[in-house]
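In the two complexes that follow, subunit A is the common piece, with subunit B as its partner first and subunit C second.
Right after this comes the complex of A and B.
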């Protein structure tokens, strides 16, 4: 794509739902655990509070990127979260655009370094 | 490494997590089924061209090495074609991951054959069984990203490999059946599993 093409730097694929530090962390964590993770493990791995994690999971669930299952294990409530196929697809698309952003920035930095003052 | 380089590295790591956890859908049932036919054809050729494999070990090994290379090339070409058709940013990463899962088994099989043929040809009768066990290990190692029933193919190769070692004694060890049945049935089983899994995925998608 030409550098002067309209919208070349619009980065439409930078999904707002994913483009938030905590949610990006949650999704990356779930990607690494395809069978899902218990709420408590996810909270520990992402270093979030109960309230924060619940809030971000709700956003991701509403966007149909994460499935949350509530059950009972040993008579105790158990919540597990896993990435949905749609979430996986959107996450992959997000990574592509993110990579493009960094590559464009790298290219611009190289140009800046090599151009005469 | 500068900040941008580190960012690219992090993205690569995320992508690699994604590729490792995604189901590998680029093995085609037709290509795998074709390798079952290859095994049957090689067994027929062995019975015609190498009627006494114990006495002509090199000819026997050459025939089956060519068959294995043909099978691997067929599957690799099919995977490359399917990955290209997928137009997915993750396809290349997934193909690299899949190759990384199978290469150790392939290398072990090749080196084991060479070492036994060169230094201990009196042990060559074990090769058909060992090849099947090594293939079983390769299948189990790839199973993490394949449809779950593919473990059946792994169990099949492990069982037939052990049976070959336990039951086959020279000269039966080199019987064409000791290769045609395990590999023919094993590959056909893998092809059927992929075919059924492909149908299930179409329903999911």
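Right after this comes the complex of A and C.
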């Protein structure tokens, strides 16, 4: 697609469910931990508060991107979170567009360095 | 940074002024057109309405990332937009973090393909 095509920089595939900063962190963390993570580990790795993490997980669960399982481990409640196959697929589609943004920006940076001031 | 470090997936440098989907498109478009663009070209390339583009440009102008110049060309009002040097620098910082997100996600995808099912 040429640099001048209509909508060239619209990046329509930047799915807002995924693009939100905290959710992008949560999903990238979960994609990097395919066996899933305990709520407390996810909270620590994404540096979110309990409330914020819960709120964003709810959005992702409603979008069927994340599965949340509540159980008991050593008689204590345990919540584990993992990406669903549909979530993985949707994230992969988003990632393709994000890679295009990065490529566009990197090409612009190269152009700038090689063109006369 | 290890995959298990606290805040590993917080991506704190994902500046919300830049990360918003439409503004990310506008800025990537402007970084690719270092001489600036007419408002109408920017609107077409980013596929935004007049109102939406104006609103986002105002946010970027207040953040001193974008300079907007109103003039007359052939007796008709003409608005041109370009990235400021500060805007370019701030966008470059954001891009570093975005590249990290993409690297993390790509590494996870490689791991997934090479690990037993």
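Rule of thumb we're sticking to: the second predicted complex is superposed on the first by the 111 of 117 C-alpha atoms of A that agree within 3 Å, B and C clash if a C-alpha of one lies under 4 Å from a C-alpha of the other, contacts with A are read in each partner's own complex, and residues count from 1 in each chain.
Convention: contacts are C-beta pairs under 8 Å (C-beta built on N, C-alpha and C of every residue); 3 or more make two chains touch, one makes a residue touch a chain.
None of the values given here were measured: they were computed from a predicted structure.
Legend: residue contacts after superposition of the two complexes on their common chain; A:96 is shown touching subunit B, with no touch to subunit C.
In the overlay built on the shared chain, the residue A:32 is in contact with subunit B and with subunit C.
The wider contact with subunit A, measured as residues touched, comes from C rather than the other of subunit B and subunit C. In the superposition on chain A, A:6 contacts subunit C only, with no contact to subunit B. In the superposition on chain A, A:74 makes contact with neither subunit B nor subunit C. Applying the stated contact rule after C-alpha superposition, one finds that A:85 touches subunit B and leaves subunit C untouched.
When the shared chain is aligned, subunit B and subunit C each come close enough to touch A:105. Within subunit A, the residues touching subunit B in one complex and subunit C in the other are 28, 31-34, 91-92, 95, 98-99, 102, 105-106, 109. By the touch rule above, subunit B contacts subunit A in their complex via residues 2, 4-5, 7-8, 11, 14-15, 17-18, 20-22, 88-90, 204. The part of subunit C that touches subunit A in the complex is made up of residues 3-12, 14, 16, 19, 21, 24-26, 28-29, 31-34, 44-48, 91-92, 95, 98-99, 101-102, 104-109, 111-112, 115.
Partner subunit B is touched in their complex by these residues of subunit A: 28, 31-34, 85, 88, 91-93, 95-96, 98-99, 102-103, 105-106, 109.
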